Every structure is written in structure tokens, then in C-alpha cells.
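Following are the structures in question.
The following pair of complexes shares a single chain, chain A, combined with chain B in the former and chain C in the latter.
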Partner chain A sequence: MLNILVFGAVTSAVYAMLAVGFTLIFGVARVLNLAHGAFYGLGAYSCYLLTGRLGWPLLPAALVAVLFVAAFGVAMERFLVRPLRHSALAVLMITIAVALLFEQAMFLLFGSEARNVPAFINATWSYGELDVSGQRLLTLGAGIAIVALLWLFINRTRLGSAILALSQDREGALYMGIPADRIYAVVMAISAAIAAAAGVLTAPFLTVQPTMDLLPMIKAFSIVIVGGLGSIPGSILAALLLGYSETIVAYAISPAWTEIVSLVAVLLTLILRPAGLLGKRAAF
Partner chain B sequence: MRDRHLAFILYSGLALAFMGTASFMGAASVTGAAYGEEPPITIGVPTSVQLQVGRDSIDATALAIEEINAKGGVLGRKLRMVVADETENPQEGVAAINKLTADEHVDVLIGGYTSGVTLAQEPHIADSKTVYIEVGAASPAITDFVRRNYSRYKYIFRANPINAAHQADQLIDFAVAKLKGEEGYQKIAIIGENAKWVQDLSPVLKAGIEKGGMSVTSVDLFDPDTSDFSPLFSKIKASGAQYLMVVLSHANSDVLVKQWYDAKLPLPIGGIDVKSQDNDFFKRIGGKAVSETVANNIIPSPMTAKTMPFWNEFENRFKRGPVYTGAGSYDAVYIYAEAATRAGSTAADKIIPELEKTHYIGTEGLYEFDAQHDVKSGPGYLNFAFAQWYPDGSRVIVWPKEMAKGKMIPPPWITGKN
Partner chain C sequence: MGSRPWIFVSLILAALAALPVIVKSEYLLGILSVCFIYGIWAASWDFMSGLTGRENFGHALFIGAGAYTSAFLNARFALNPWWGLPAGAAMAVLLALVIGFPTLRLRGPYFALAMLAAATIMQRLTLIFWQYSGGEEGIPGLDPLLNSKIGIYYLCLAALVLTTAALLLLARSHGGLLLRGIRGDEAACQAAGIDVTFYKIAALVVSAACAGMGGVLYAHYQEAVTPDVFSVALSISLIIMVYVGGIGTIYGPAVGAILLALLPELLRGLGQYRLWAYSVVLIFILFFAPGGLVAPLWRRAVGLAR
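Here is the complex of A and B:
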């Protein structure tokens, strides 16, 4: 029971980090970014490169990795997405291309084998039946902090208000003089940075390999559909729902059954409530 | 309405992403030796070129070809190699075989890694009437084709690794004679990846261990893509098992072994773990493989007179030690070359009877084929060497007894030295 409580919370925190960025860029810029998993992978690989190959200490490496991926997100938005924004299909294709490019580049640069990123905390906590590594607890804490900070940023700052305004009424926001392109770049940077942070935090217990972007992409996608496209509270709720459902299934039935949970949730959502749990009906 | 349209695009996009990730190019590349006056004998190497097992197959085949060509080749003809990427996907595997046999007209195929891929390839290999020497996949079903329909499938041989049933026998010997007999363990939990060769191996393993007087507390097969082993570990811990036996090849054992270490699971781990045969495995996962005992087909130790010369040459040349497919491919090229020399021909019908008479001491041991063209295993033939990762990152053979070079050590947290 304690296992389910703690490991479910860790999984949910990782899912929330993946999903909020994905839903944010969709809600604000209407960009379906299928390279979101590549941000996650790029964060982890950058951290591996800096620590494993260049010998940097972990903390500066992690920070530089997150900043690098944020800059990568901005560059991708500026040079690849923005010129194609008039066509949703073209944006979709270019983001898939970036995701595939990421995988192939990692294959070529680092090979197909899994790579190691050191953990921030090596200790293990035991309490009754529970044995949990410090790195997982750190991921849980950092996940909660990141999502809370994002919430405060959007609801309590001027820039956050501009982001909200753009997501609610693009034309109205433009009339008010809000610089849409600059805001899109900021949102892409935030989205990429949060995904990269998830990659850096989970890499020590999941390792790093070229195809690591696909599963997080599917999870982010499933959560956003269940929670409601464009809704951050919906994503957090769905992350908790899927994180805990998967953990319960893993403990009660078998870990082999976990992957089907999110797919069933997506199917049920589309049949019963196509707009998602907290999505506006208009959003779908 | 527009958003509905968007949703449709979104799903199509995701489907495309899946397909993009799943499909890898099956490009073939050619490595030629110097051509003699006679046309060269072409060795086709179907393997997973993106993996260490595949790269080692290619490099070791090239090394054997170079050595044989330096001594004048086979039947006065030089050897050359053509590679095709079979990935780990049966469809790509069949395409690779068709490319090598129909387009490249190779004389022999030496390769393979994934049992499911080889099984899908076999009818195509038989159709092409090309001799195939397996060097990577372990399912007994592969050579069962030969037993069931010799005239159609006589082209199929397996030189390496020993098949999953033989592997099970050697794991049982390790469990009963070493773990129970010498270390005093009574209860074992078995986990493995959900793949054909493990489905074949795990029932035999369980029955054998129980027959040896130990109890098997659980057998769990998991998806090779599993990334979180906490639920499985928690179940194993609760089962009261004293030793965790793994049966892994394709699964990401980097993650499994790391999480075993991080969770400080109160039981040692060991068994078949192909990723942990990699020489850099210990370093790759930050030293967390410490005390894992791994069944190796080849290890830098004089298993035969040929082991160390091959190992050293491979290491000098490619700056890494070989894994089992490397040793298997290297030996398979020599086995083929000797059979062709004895047959005086490269025609399949002439070579097959000679391959059946193989008695060749290679880098891994003595190679002989049984009636269904499977390499023989056991004392005197090919054997596993169970080697344990020591804290300094070296590997020390702990079983079988006659090869053992050191004592078995427990995980550091069990001895309280962590």
C-alpha cells in the first residue's frame, strides 16, 4: 500500500512535468509539438554528455542541460514552427521530423546502448515494505515544485497574464498589444525546459537511450487527451489519475499490463467525454 | 469543427511517428577483401547493426576473413563480406535475407541475434538453398525446423550460442550445485523478458531447479520495454526469495540492475544477462552491477588455446572486447572455411555433409553439431562461464568449479559495507 502511494506519486509527478509543457504550447500557440519527447531525451542526453563525457559536476550539468534544451525549443519555434504556423499539418510534420532527427542523431553520436547519468542522491530510504531511492523522492519533490512555480508564474505575473490572454482570445490579445510571437517563444522555452528537467531527473534511474523520447511522448499525449487539450489543471489531474492507475495495475496485476492503462483511458475519454476531464468542449 | 479536424491530424501524426520510429533502413554494406583471380566467396552477415552484438558479428567476421585471406583464402578464392541490417524486427529480417540471397547471391549466411527474427527468416533461407550459420539466437525452435523437415531445412545450423534448453541446463547446474550446494541458498525467484527464447527456457529452468531440491518462489516475464521494476522487486522481496535469477537479452538490463542496486534489494542477482556481457556494462551503469553473476560464452580467460589470441587481436583492432556474437561469428567463419575445404566446393549440397562432421576447437570451446544441426553443449563442448562483477569492475569466474578463479561475493549492502 505504501509502495503504491509513493511510487504512484513519483510516476504522477513525472507525467505532470511531461504533460503541462505539452498542453501549454498547444493551449497558447495551438502547436501540437510531437517533438516534446525529444526535449525530454535531449535534456537527459545533454546531462549525460556533460557529466559522463566531459566530467562536469552534476548540478551545473543539469542546469546547463535544461537551459540548452530551452534554447533549442526557442530556436525550433523560431526557425521551424513559426514559418509553418499557418498549417497545422505542416507543424505536425516538422515536429515529427525533429523527433526522428533526435533519435537518429543520438544513435549516431552515442550508439544504441543505454548510457548512465549519475544520481543527485544515491541513498535509499526504507520504511516497512517500502524501499525508495533518494533520486525518485527528489524527482517527486522537484516535480511538485516545478508545476507549482509554473502555476504561480501564469497566474501571478504580467508575462503569465499575457500567456493566459493569448490562450483565451488570440485576436483580443493582439489588439491589446501583446507580442504574440515573443510570447510563443517564451512558452516554447518553458515547455522545453520542463520536459528537459523531467529527463534530467529521471535519467539516473531510467538511463538514457536513443528511443527514450517515444514513451514520454505517448504518455504526455494520453494525459493531455484525458485531461483536456490546453488545460493545465486537467493535465495535472490526468497525470495523477494515470500515474496511480498504472502503479496500482503494476502492483495488483503485473508490470506488463501498465502500458495498456493509458491507452484504455484515452479510448474511454474519447468515447465518453471527448473534450477531456477539464477541457472546454470547444477545444476538441 | 476545425478542432475536430485538428484532432484527426493529431492522431495521424502520432501514427506516423510510430511508423517512423519502428522502421529502420535495411541498407546493406559491403566489406571486400582483396580479390583474387577466382571470384570471391561471399559471406552474408544478417544482423542488428545498431547493437553491440551486431557490430561485434560484423567486426569478428571481417577479422576472420582477413586472417583466412592472408593465408590464401579458401579453395584458392578470397573471402568477402556483405552486411544487411535485420534490426530486431522479423519483417526487416526477412528483407535482409532476401537482399543477401537474391540480390547479392551470397555463398553462406553467418549472423542472427533475435530468435523471433531468425524463425521468420528460416523459410526464406530454405527457399534460397543457402547455408545459414546462426551465431546469436538461442530458441530451440530454430533447429527444430531441421528435425521436423530435414530435406527442406538442412541448410540451417546453429554454432552459437548454445540453445535455450542447454542454457537452462547450465543455469540449473549453477543454481543447484553452486547456489544451493556451496552458498546455501534455498529459494529462487526467476524473472525474464517476455520473448520466445525465455518462454522456452523458463519452464525447463523452474522444473530443473525444483528437481534439484530448491524452491522457486515466482516466475515473472516482463515486457522488454519495461522501465520501472519497483513493483516486480516489491513482489519478489515479499516472496521470501533469497536469490534473483535473471534471463535477459533484449530487455534494458541497465535499468533493471541499476534499480536493483538503488532499491538495495536484499538478494543477490545473477543468471543470463546479455547486456551485462558487454565489457563496459559495469562502468556504463556507474558500478551498480557489483556482485551480479553473469553467464558468459566468452571471457578473457584461456577457455581454449584460441580464446586469448582472438580476444587480444579483437581488442587491439576495435578498442573493445568482443561479446558472444563476435566469438561465434569468428569461429563460424573458420568452421565454414574448413568444411568448404574438405568438400572441395562451396555448393550447399556438398558443404552440408562436411559441416555435419565439424569437430573444431574454436574460441569458445569444441564445436560439434547434433543431428538437428544444433551445437553440442556440456562438459567437453561449449559451456557457460559464470563470472561475477567485482567492486573494481573486473570479472571473476566463480563457476563451473574447474574454471573458477575466485569466491562469490554478496552485494555490498548485504555485507553492510555500503
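Here is the complex of A and C:
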């Protein structure tokens, strides 16, 4: 029981970190970013490169990895997405091209075998039947902190208001003098940084492989569809829902069936409530 | 259409039909057979997604469904592989209905995302339920549809020509016009009293049936199936082939697929970098040739002013 409670919370925290960034860039810039999983993978691989190959200590390596991925996201937005913004399909295709390039580049640079990234905390923590690694608890804590900070940033700062305004009414926001292109870049940076942070945090206990980007991304947009496209509270709620459903299914039936949970959730949501749990016309 | 395009088409088809007489290399004929199958897949993708503008990011779901269904029937129940063609197509159609009904009545990116998720999850399931699906190794030791490589070459060529011709006819029919209308303005079509959801699902069913049959051909050509038939890499490769061919033209994607599938085989050593090259090609096409390469060149060659 306690196992389900804690491991479900960790899974949900990872899913929430992935999903908020994905939903944010969609809600604000209407970019359906299929390279979101690549940001997650790039975070993990940058951290591996800095610690494993160049011998950096973990903390600076993690920070540099997150900043690098944020810069990568901004560059992608500026040079690949912005020129094609007139066509939603072209934007979708360019993001998937980036995802494909990421996978192939990692494959050519580091090979297909799984890589190790050191953990921040190596201790494990036991309480009764519960036996959980410190890194997982750190991921849980960091996930909650990051999502809470994002929430405060969007609702309490001027820049956050500008982001909200753009997501609610692009033209209106433009008339108020909000520089849309710059805000899109900021949002892409935030979205990429959160995904990279999730990659760095989970890398020690999940596998770091060239194909690692795909499944997290599929989870991210399943959550986003269940929660409502563009809604951050919806994403958090759906992340909890899916994280716990998967954990319960893994314990009650078998871990093999967890993969089906998100697909069933997506199809049920689209049949019963296409807008998602908290989806509205306004983004948040 | 004047007679000139028909002369060109006949010449190309005659050349392809005469090829086994000139070229005795079974290796080359085998590669071309696979390229024709890619052509079927790309044309079937284009029929649904190119015409209606609803991009399908998991076409491999239908391919894999066809391939695995036929492989299963052939390996477990020793059924004649020819029965796999209708069975594989039926399974693909079933999946098309399951995914199509909830997602295609909605606007927005739901269909694209659900297809991508469904194909990926199916690939995971083939690994997880390895007792039944053979896991990473898949199901080996299938019977070929025909015993001679030349026979298979002609079978694949005939399948490609027939599918492309049928899809082209459908695309130029009244229904095909409606599909293009949906791409242009879905709301206006709805306002004109057209049941757009029905047309979209019907297009997906046709597309899935063709892809599933292509999957069956592929499985029995390889005489094995592996989980790769469900892979995202395959789905995305097909979309890139469609883009190179010229989206929405059906014959363009079929030719584009043959050329792009042939390229890594001709340039030795490119095999490892195939997907890398494809994604660079895609970026180039998106920025510099949004109409594709094959279809515009073809129109210029045959002098069609379209």
C-alpha cells in the first residue's frame, strides 16, 4: 500500500514535469512539439557526457545540461519552428525531424547500449515494506518544487501574465504590445528546461538510450489529452491520475499491462470528454 | 488529361515489367520488391492524410497489424499465406475503426497523437507478450506467397500498380473531392450537409486496408515479422517519402517511396545513416520545396499545367 503511494507519487511527478512543458508550449504558441521527448533525452545525455566522459562533478554538470537543453530549445524555436509557423503541419513535421535527428545523433555518438548517469543521492530509505532510493524521493521533491515554481511564475510575475495573455488571445496580446516571438522563445526555454531536468533526475534509475525519448513523450501527450490540451492544472491532475493508475496496475496485475493504461485513458477521454478533464477554450 | 502522360506511364511500367528479363540478379529484384511495398504504404498514407490533411503518425500500426495477423495465422495455424491478405486487411480495418471513431470526429491534433501512441504501444506489447508474439525475434519461418523471386517481384509490382490506380480513381471520384474539401474547410463541408466524420473514417479504413495488405506482402517476403513493423521510424519514414513525392498526389508518394527506399541500397554504407539522411531531406523539403519533388517534376515532364 505504502509502496503504491510513494512509487505512484514519483511516477506522477516525472509525468507532471514532462506534461506541463508540453502543454505550455502548445497552449501559448500552438506548437505541438514532438521533439519534447528529445529534450528529455538530451538532458540525460548531456549530463552523461559531462559526468561520464569529461569527469565533471554532478551538480554543475546537471545545471549546464539543463541550460544547454534550454538553449537548444530556443535555437530550435528560432531557426526551425518560427519560419514555418504559417503551417501547423510543417511545424509538426519539423519537430518530428528534430526528434529523429536526436535519436540518430545519440546512436551515432554514443551507440545503442544503455548509459549510466550518477545519482545525487545514493542512499536508499526503508520504512516497513517500503524500500525506495533517495534519488526517487529527490525526483518527487524536485518535481513538486518545479511545478509549483512554474505555477507561481505564471500567475505572479509580469512575464507570466504576458504568457497567459498570449495563450488566451494572441491578437489581443499583440495589440497590448506583448512581443509574441520573444515570449515564445521564453516559453520554449522553460518547457525544454523542465523536460531536461526530468531527464537528469530520472536518468540514474531509468535507462539512458537513444530511443529513450519516445515513451516519455507518448506519456506526456497522453496526459495532456486526458487533462485537456493547454491546461496546466489539467496536466497535473492527469499526471497524478495516470501515474497512480499505472502503479496500481503494475502492483495489482502485472507491470506488462501498464503500457496499455495511457492508450485506454486517451481513447476513453476522447470518447467521453474530448476537451479533457479541465480543458477549456482558455488555456489555463 | 491528354495522351502524353499515358505514354509515359506505359513506358515506365513496361520497363519495370521487362526488368526481370534483363536483370538476372535476384538480390536487386528483392530490393525492388520491398521498394514497391513501401510505395503501397506511402500511397495509402497519402490517401487518408494527404487528401484530408489529417496527418497520421502511426501508419505502422496498420502495417504491423496486417503483418502480425498473417504471420500468426501462418505460423500457428499453418494457414495458407494467401488467406493472410484478407485477414491482415480486416485486422487493420478493425484497428482503424477503433482509433478512428473516437478521434476523427474531433478537430485538433488528437488523431495524429492517438495513432502515434497506438503504434508505439503495440510495438511495446509485441515485446511484452513475447510468449505469443516471439518478442524481439518476432515470428520467423513464414511461408512465402510465391516460390520464385521473380514471381514475388511481379506480385509486388502488380499490387503497387493496382493499389495506386484504385486509390487515384477514388481520389478523383466525388468522394475524393469531398475529402479534399474537408482539407480545405471542414466547417464549410459540414455546413453543406456532408457527414465529414463518415468520409474521414471511410478514407482511414481504405488506407488501413491497403497498408495492412502491404504489411502481409512484406511479412511473407521477409518470411518473418519483427516488432520493427510497428516502429515510429517506419511511420515517419513513410511520411518523409510522401513529402518527397508531393503530398496529396498519391502517385507522387508511391514513386517517392520507391526512390527513397532504393537510395540507401544503392549508396553502400549509407544504410546506417538512413534515418539521419531522411530527416535532413525532410527539413530541406519543408523549407525549400513544400510541394515535394516527384509530383512537380512529373507534371513538368508530361506538360500538365497544374
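Here is the rule we use: the second predicted complex is superposed on the first by the 280 of 284 C-alpha atoms of A that agree within 3 Å, B and C clash if a C-alpha of one lies under 4 Å from a C-alpha of the other, contacts with A are read in each partner's own complex, and residues count from 1 in each chain.
Just so it is clear, a residue touches a chain if its C-beta (ideal position, glycine included) is under 8 Å from a C-beta of that chain, and two chains touch if they have at least 3 such contacts.
Given the structure is predicted, the values throughout are model-derived calculations rather than measurements.
Colleague: When the two structures are superposed on chain A, do chain B and chain C clash or fit side by side?
Modeller: clash
Colleague: Counting only touches as set out at the top, which of chain B and chain C does A:W151 meet: first, second, both, neither?
Modeller: Neither partner.
Colleague: In the overlay, answer first, second, both or neither for which of chain B and chain C A:S133 touches.
Modeller: The first partner, chain B, only.
Colleague: Just chain B (first), just chain C (second), both, or neither: which does A:F120 touch?
Modeller: In the superposition, A:F120 contacts neither chain B nor chain C.
Colleague: Name the contact category of A:I271: first (chain B only), second (chain C only), both, or neither.
Modeller: Second partner only.
Colleague: Thinking of the overlay built on chain A, is A:L263 touched by chain B (first), by chain C (second), by both, or by neither?
Modeller: So A:L263 only meets chain C here.
Colleague: Between chain B and chain C, whom does A:L215 touch in the aligned arrangement: first, second, both, or neither?
Modeller: Both chain B and chain C are touched by A:L215.
Colleague: Should A:L92 be classified as contacting the first partner (chain B), the second (chain C), both, or neither?
Modeller: Both partners, chain B and chain C.
Colleague: State whether A:W56 touches chain B only (first), chain C only (second), both chains, or neither.
Modeller: The answer is neither, since A:W56 touches no partner chain.
Colleague: Mind telling me which of the two, chain B or chain C, contacts the most residues of chain A?
Modeller: Between chain B and chain C, the winner on chain A residue contacts is B.
Colleague: Can you tell which stretch of chain B collides with chain C among 9-17, 243-251, 279-287 or 405-413?
Modeller: It is 9-17.
Colleague: Indicate the residue numbers of chain A shared between its chain B interface and its chain C interface, in ascending order.
Modeller: 32, 34, 89, 92-93, 96, 100, 103, 214-215, 218, 221, 256, 259
Colleague: So in the complex, the part of chain A that touches chain C is made up of which residues?
Modeller: Chain A residues touching chain C: 32, 34, 80, 83-84, 87, 89-90, 92-94, 96-98, 100-101, 103-105, 108, 214-215, 218, 221-222, 225, 229, 256, 259-260, 262-263, 266-267, 270-271, 274.
Colleague: Contact residues on chain A for chain B in the complex?
Modeller: It is residues 3, 7, 11, 30, 32, 34, 88-89, 92-93, 96, 99-100, 103, 107, 111-116, 118-119, 122, 124, 126, 129, 131-133, 135, 204-207, 209, 211, 214-215, 217-218, 221, 247, 250-251, 254-256, 258-259, 282-284 of chain A that touch chain B.
Colleague: Spell out the residues on chain C that touch chain A in their complex, using ranges where they run on.
Modeller: Chain C reaches chain A through residues 53, 55, 57, 98-99, 101-103, 106, 108-110, 112-114, 116-118, 120-121, 124-125, 128-129, 232-233, 236, 239, 243, 272-273, 275-276, 278-280, 282-283, 286-287, 290.
Colleague: Would you pull the chain B residues touching chain A in the complex into a rising list?
Modeller: The touching residues are 3-7, 9-10, 13-14, 16-18, 20-21, 50-52, 194, 220-223, 225-235, 237-238, 252, 254-255, 258-259, 262-265, 275, 278, 284-286.
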